[in-house]
Amino acid sequence: MTIGINEFIIASSLLFLIGFMGVLLRRNTLIIYMSLELMLNAVNLALVAFSRFNQAMDGAIFVFFIMTVAAAEVAVGLAIIVMLFRKKQTVSVDELNQLKG
Amino acid sequence: MVFNPNAVNSAMFMIVVLVATAGLFVLLEAYFLAILQVLVYAGAVMVLFLFIIMLLDVDKGDDLKLGRRKLSLLARFFGVCLVAFLIFNSFSEVNLPSPDLGTVGDYPGIESGIDFSTSAKSFGLILFTKYMLPFQIIGFLLLIAMIGVIVISKKQKTAE
Amino acid sequence: MNDLLINFLRETSQTNHWFVLLPEIALALLAISMLGLDLFKKSPNAPSNPASRLNTRISIIGQIGIFIAISCFGSAFYEENRVLFGGLLEQSEKTQFMRCFFVFASISITLLSDRYLGKFKLPKAEYLHLSLLVCAGFMLLVQSAHFILFFVVLEMVTVAFYVLVAFQRTHLLSLEAGLKYLTLGALSSTILLFGIVLLYGIAGNPEMAGFVQDGFQFKELQQFISLHPENLIVRLGALLVISGICFKIGAVPFQIWVPDVYQGAPTPTTAYLATASKAAGIFILIQLLQGPFLALSAFLIPFLSVICAVTILYGNIAATGQTNIKRLIGLSGISHAGYLLLGVIAAISVPFAFDAVLFYLTVYMVSSILAFGTITYLGQVEESTIELRDFNGLLHRSPFLGSLGLISLGSLAGIPPLGGFIGKLLLFWVAYQAGLFFLLAVAIIGVVISIYYYFGWLRAIVLRPEGEELVEYPLDSSPLLLSERCFFISLLTLVVILGLFPGLLLNLI
Amino acid sequence: MDILTILLIILFTPLVASLVIILIGKERRKWAPAIALLGSIGILISTTGLFLESQEFSYQYSWEWLSFGENTFYLGFVFDNIGATMLAMVSIVSLCITVFSMGYMSDDPARGRYFAGLSFFMFSMLGIILSSNLIMIFLFWELVGFSSYLLIGHYFDKNEARQASQKAFIVNRIGDFGFLIGIILTYWQFGTTNLEAIAGAVGVDASLISHLIGGLLICGFIGKSAQFPLHVWLPDAMAGPTPVSALIHAATMVAAGIYLLIRIDCLLTLEVLTFIAYLGTFVAVYAGFCAFAQKDIKRILAYSTLSQLGYMAAILGLGYSGIALFHLITHAFFKALLFLGAGAVIHACHHEQSIDKMGGLFKKMPITATSFIIGTLALCGVYGLSGFYSKDAILIAALDSNFQLFLLLILGAFLTAGYMGRLIWTVFLGKANSENADHAHEVSPIMSGPLIVLTLFAVLVGLNHYWPFGLGGIVSLDLDHLHHLEHYKSMHKTVLIWGSAAWIVGLLGSLLFYGRGSKADRLQDKAPKLYAFLESRLWMDELYAFYVNKIQQRLADILSFLDEVLLRGFIIRGGAGLVGVLGVGLRILQVGRLNAYYLWFFVGLILLWLYAAS
Amino acid sequence: MHSQLLFSAIWLPFIIGVLFLILPQNKSTSSYRLLGITGGFWPFVVAWFLYSQYQSDGLGGYCFEFILPTGLESLGIYLHLGLNGISLPLFILSATVGAAAILYALDSKDARLNLYIGLLLIMLSGLMGTFASIDLFFFYFFHEFALIPTFVMVLIWGGLARRVIALEMTIYLTLGALLSLIGLIALYQQSGADSFTMIALKEALANQPLSETIQSNIFALLFFGLGILVSLFPFHSWAPKGYAAAPTGAAMLHAGVLKKFGLYGLLQIAIPLLPSGASQWSLWLCVLGLCNILIIGLVTLSQKDLKQMIGYSSVMHMGYAFIGLATFSILGAGGVLLLLVAHGLSVALLFLLSTSIYKRFASFDMTAMGGLGKIAPNLSVFYVLAIMASIGLPGFANFWGEFLIFTALAENESMRWVLYLAALGIIISAVYGLKSVGLIVFGNPPKHIQVFENQASNDMNFSEKTSALILILSLLLVGVFPKIFSDRANEALEPLYNSQTISSTASTAVSIFTSTSTEKSVHSDLDACEDSLALNEGLYHE
């Protein structure tokens, strides 16, 4: 069997889904955050595959940007999580329900 | 990674996934991106994650709480399965036309503009020509992230 | 070969007319100068002096300069029908208008933030820096015609917003709001991204008929999609992109963050989110629907209609029982997003609907800023927990603030002769023209329900507290500055004038 | 002066008087009686002037009052024989009553209001008389109702006045309901409401009239003339000042009903006329019985009025509108006389109205008593007095056309004499039965004067051939018709015998039965059940009370409740509540936990996917 | 010049009203008074002056046209003012009621009087604008403009339950306004006139009538939208409560004038422009109108609260107007117009008096009243007259309105059942009207009410009297000489209601004069009769 674009995309989608499940199921903000990164990664995979199969550079360039963006997001996100931890001594989302109703 | 109750283990698995993805990049002949992936993601970002996990000492918590929320978990699991099924279904139905892999040029061909290439050089060329503007913006994005991190995690000052 | 390369570079860079981006660049420079100013402070570590308004002043003056520059000499920064930055940017009269819009919003936010930051002793320079960059980002966002630029700018804005939302970092609610916005925002970005990638992948696929070289470029995408409106991947991609934008404007089912984040975020940030962010989202949505997704409209209209109807109903119904003011504004904002979606859908078939939406956005922006101004100046120590009852008898305690509140809420509720009325009128009108009768009915129900909470709020402002409610809340100790008064009075006048002479604005759009 | 001007003067003199009284202010209210008197005199003078001016009594004038599209409504005057007769009667009677009122109301603090009302009443009444078309009649018809409402409610602090005035107005409105619809249908049927034009049209094609229109139009008559079943207001209306009763019950308001019938005679089909005849006869008898069980002097007279109106209706139903008018005129005078006499008695007895508490007044107030007795005799139809002529004619006509009706009407005549005899014997003979009656003395000349004048009229007005200015043309016409009937002579004899027997038997019988100046009612003692039955008046009032309080009010309350609960409470509040509950439900969705929020996204995405895939 | 005057009747009260809001509160000097009177009476003066100058030869039957662009020209919207025979009476009505309300308010010694008067004046200016607008957009706009002060006044000065009631009122009125707005937009859109002026719409629709379905749909929107504003039967519940809660001036102006917006809209716009749509809804018009008359009439009967009773009675009387409109005849329309004017005046008068009565008894509960005749004779007289006017006593304007409507109903054989039911209303209204008079005026004053010996101090003061007189005299004027409005209205209604479509759809059965051939002979004879009569008319017989 040849590995075509479809296989890559399915792999990417599954990765995306696993990431989503992580976001959905986990209570630890850090792991949720990691799951988000995983989803971005899945997108990257898809992009690279498309770029390769479509013979177009733009996808690969986009990956470059996405990585940077992800890094920046992680930085800000972690900063917020750390501050929250300082305040509440927990990183569980269960405890983060002051804003509701 | 998703089901491991230990945060550190999760992070470790995450690194494995990222490196594996980098491997896939290599398979797709995107060597530059693969290296970036390993360096930036697996290296810097995940180290940051691990660092924070260690710092906050939150690796112990079994936050899945499978026992208590079995039912809702089950429901969600089925939901995920449903989506997975949908994905397979739709993609297998559509069957993206799978083109043959074309050749990969070494560097930008001068005659035909920017040809497809995965070399670092072509990245540089395109980034500094066509994608100059986003590139600059990315710079500002990083600046923002930096300022943000500083603002948020600066030590609390005592009010006068 | 070097020469050839240089030639090539020159050619590809030929379209990089940086001059048209001068306003954005100026804003960015202004933002950096904000940071620079801090360097000259005697003790950079000392908490910024609340009385010091140097940053604010410079920022405002700079922005006003830019505003004047765009609005009066806009043609200098405006090259229509030209390929800019290799197809990354596209300008139109509408985007010019939106640039003014964003600068205007930013000026207002700056003013609001000055008081807020002073009150909570938060660093001004950084806040202003971020908000200026956000403004520049928005301006670029509406002009972008390429998904890469679009995404990067969007992320820049979003990341800045993460920081702005969590800006009051000593405060738990702000942080929590920040985290919520962060994770949900990142999730939505990912979804959006996935949609973009799918579109890119299918559009560039050499096996597809009429495949395009650059699947990110709006125009090329449009060509491709018009050939394949039935393709599942195309549809999926478009849906995912739209849902990512729906998150930004707070449409159901991606509205869930709105009340929480609005409540927890610092008030100026909330105002920014409610006005500029929503405006940008709506604008992008229209551009996408009129551009790349035009061929999909038969497929998207039912979807958007359902979203629109549910959004209107959700926002209004959820707001009825709400007593927390900022949440209330958030929920009512959801319903406004719903009304705007009405215009967005109409815009697919009725050209004038675009103008109507922009008019509505402008009026909504001005009225919202007035409302947020009222909240900021209300003088509660804890703004996240301002309740409806805190407004009791505001008109008697402070006629100025009271009338601010009255006019702004009246406009939001769509009471003539205020601008909001004309806005709604135009929206309904275009919706009728587009034949969206069902949505029109839903919108009417929504407006009627909205009377409940707007009326409750107005009532609180007008009525003198009685009996047990006779708790006088102290007003902000520091009185309103003259400049602030002038600013708000001019906004008030604007709201009224837009109601009486809506043509003034409509001619500009 | 031309006729129109005089007619306008006649019509507006009382209105002006009324307005002047209202406008002169509280301080000068003592001038009110004088102004009203001036008004009345003015009417009389101008009426006389009018009669001198125009001998032929045929005059029409119309104004276009209002016009939409092709529909134009006219208001206008008609001055013909019938109107002239009525005008003469009204102007005389009202002058007498006004004069009498000056005495009667001399100690009433609110006489300004009283006289203004009186003048206004005259204005309305004159308006009816002079109207040439149904719309204008209806206008003034309602105004008559309104002014009677004001006058009946004169003693507004008394509960019975409140009830009575309300009842009078509302019952009249019920009649007007039919009347109004009748007028409107008439308009569409004939394209005009001008009576003359209608009469012309009917003359051309008799098929234009219908039972429906006729039946609806006579509703107005039934209400205003207090015919069964809308008669309930009349006895209650005695709550007003006595001169008002005289004005309303004798001369004007109730007469307006008969007058209307005379006017619209041409519109009534045979069946409707027969119905009127039977109705009138029934009322004549019914009211006669009722009068036996009344103790209030004014209420007895009121029932007597009812009864006499029944006579008029009966004869009209039999087709003799002229005789109805004749009886109307004679009745107006002697009934006014009786009411004013009763008023004098009441005034003398310090507003004591129960006949049981009077007695022996003949000696104390001879003028009043004499005139009252003459009036009674006229009412009973004693030969030579005015009542005789008209009643005689009625009975002859009845005998000629319908024997059953004749018998009943004769019965009515017996009854009339009976209860009137009871009244006279109890009030004037014997000894005073109460302190008030004991202290009674003759009334002042200003009150006895009108009595005397009216007595004269009561005696003489029956001689219709001698009416001045050629009045009563239609009366003579009908009487002549009667005289030329086949068996006129024999019928006349029969009627004469029966009529005389009626009043003699009635008066003597009642004298024997009740005795002189008795303290208690004999009938009540001897046959309490019968008395109670008569007093119940066929339970009509109870029926009305039951309807008003139990049915109408209950229905209103129930509807009000439903309105409040179902519409406001259930739908409106329910809707609001539903929204509120939904709002709370949506707030619950906003749990604040991030995982739940992710779930939103998740569900949203699944839905999207499903939509895209479908 | 005249059109400038017309415009000034709108802006002058507005400016003075704003002045009242801006000027220092809690002061009441004679200059304030003068200012208020100027603002209140200027429209009154202008209205009557324009009445005297009215000549219906303007474009499209409109006089005193005034056009001012406001920046919405691209949408075909201009501030286009003008009066025709239909709007003129209502224009005068609002000026009259406004003058009375403001005069009454000026002397009311209310707390925050300046605010109150300011709001009233603003409301007045909106009212004047509503009826002077030819442009449908501004017609609607001014209506909303006048509504806002109503809400505010209910909120501030409303009775005990003001919160709920003001809310309910607001919601209902907003709903109605929105529905009718959509209807107007639809009308504009479908007509293709590219202009919001009634004149252009009329022309466009005359040239190119809409299809029946569209007409029916648009009419339904307008009917229910405007119906809610006029308190059509199932949507009436805001009105009585709202009026009960509203302060006098607001209740007078709203119940008296502003509410007429809806009927005016149906009369001037909806029915003439959408004749076949209207005829499809005519049964509903009749049935709901009858519900208003009969059901609400009976509900009125069981009211204890004076103001609520007046409120319900006003709801009831609106039923006449609806069934009058359902006749689609010029006669019915004229009747409705007269009824609108009459009802506006009488209900305003009643609200005014009810407040005066309240001042005497400190309660609106009628069962706790009594003996007003002793306490304040003048007030009693006014009250009795006002009630009589509202129950349609001839001599007052209401009579003509009801009479014409009834007459119009009977024109059509198939509509007569409506007449029979509707006319029951005159009994019902008499019952509740007299009941209230009986409870209030008759009897003796309750013990706790302090009655001064000197009646003058109990009775109405000057401004109370004057404002009541203005209203009652106007009622009498129209009642005695309905021609002052009817002729002009007739001219304006003729082209609207005499068009072929209306007459063909509305009258299936025509009166005997024109239909059946068998009665031809009668017809001619009758004509002869009438001719001879006409000869008689106007001739003096010496």
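A, B, C, D and E label the chains in the order they appear, each numbered from 1.
One rule holds in what follows: a residue touches a chain if its C-beta (ideal position, glycine included) is under 8 Å from a C-beta of that chain, and two chains touch if they have at least 3 such contacts.
Source: prediction; values computed, not measured.
Chains that count as touching both chain A and chain C, per the definition above, are B, D. Seen from the C-alpha centroid of chain E, the farthest chain centroid is that of B. When chain centres are set by their Cα atoms, the one at the greatest distance from chain D is B.
Relative to the centroid of every protein C-alpha atom shown, the closest chain centre, again from C-alpha atoms, is found for E. For the interfaces B-C and C-D, the C-beta contact count is higher for B-C. Averaged Cα coordinates give chain D a centre that lies 35 Å from the centre of chain E.
Centre-to-centre separation of chain C and chain E, using mean CA positions: 45 Å. Centroid to centroid, with C-alpha atoms defining each point, chain A and chain E lie 66 Å apart.
For the pair chain B and chain D, the distance between C-alpha centroids works out to 101 Å. Chain B has residues 76, 83, 90, 96, 98-99, 102, 114, 131, 134, 138, 141, 144-145, 148, 152-153 in contact with two or more other chains.
Each of the following residues of chain D touches two or more other chains: 587, 590, 592, 594, 598-599, 602-603, 605, 609, 612-613. Listed for chain E are no residues, as none touches two or more other chains.
Looking at the complex, you find that chain C touches chain A at residues 147-148, 151-152, 155, 159, 162-163, 166, 169, 172-173, 175-180, 182-183, 186-187, 190, 193-194, 197-198, 200-201, 204-206, 211, 213-216, 259-261, 263-264, 324, 327. For chain C in complex with chain B, the touching residues are 1, 4-5, 8-9, 12-13, 16, 21, 28, 35, 45-47, 85-86, 88-89, 121, 123, 126, 129-130, 133, 137, 140, 148-149, 152-153, 155-156, 159-160, 162-163, 166-167, 169-170, 178, 201-202, 205-208, 231-233, 236. Listed in rising order, the residues of chain D touching chain E in the complex are 2-4, 26, 54, 58-62, 65-69, 71, 74, 76, 113, 135, 138-140, 142-143, 146, 149-150, 153, 156-157, 159, 161-163, 165-166, 169-170, 173-174, 176-177, 180-181, 184-185, 187-192, 194, 196-197, 200-201, 204-205, 208, 552-553, 555-557, 559-560, 563, 567-568, 571-572. Contact residues on chain A toward chain C in their complex (touch as defined above): 5, 9, 16, 19, 23, 29, 32-33, 36, 39-40, 42-43, 46-47, 49-50, 53-56, 58-59, 61-62, 65-66, 69, 72-73, 76-77, 80-81, 83-84, 87-88, 96, 98-101. Within the complex, the chain D residues that touch chain C are 576, 579-580, 582-584, 586-587, 589-590, 592, 594, 596-598, 600-601, 603-605, 607-609, 611-613.
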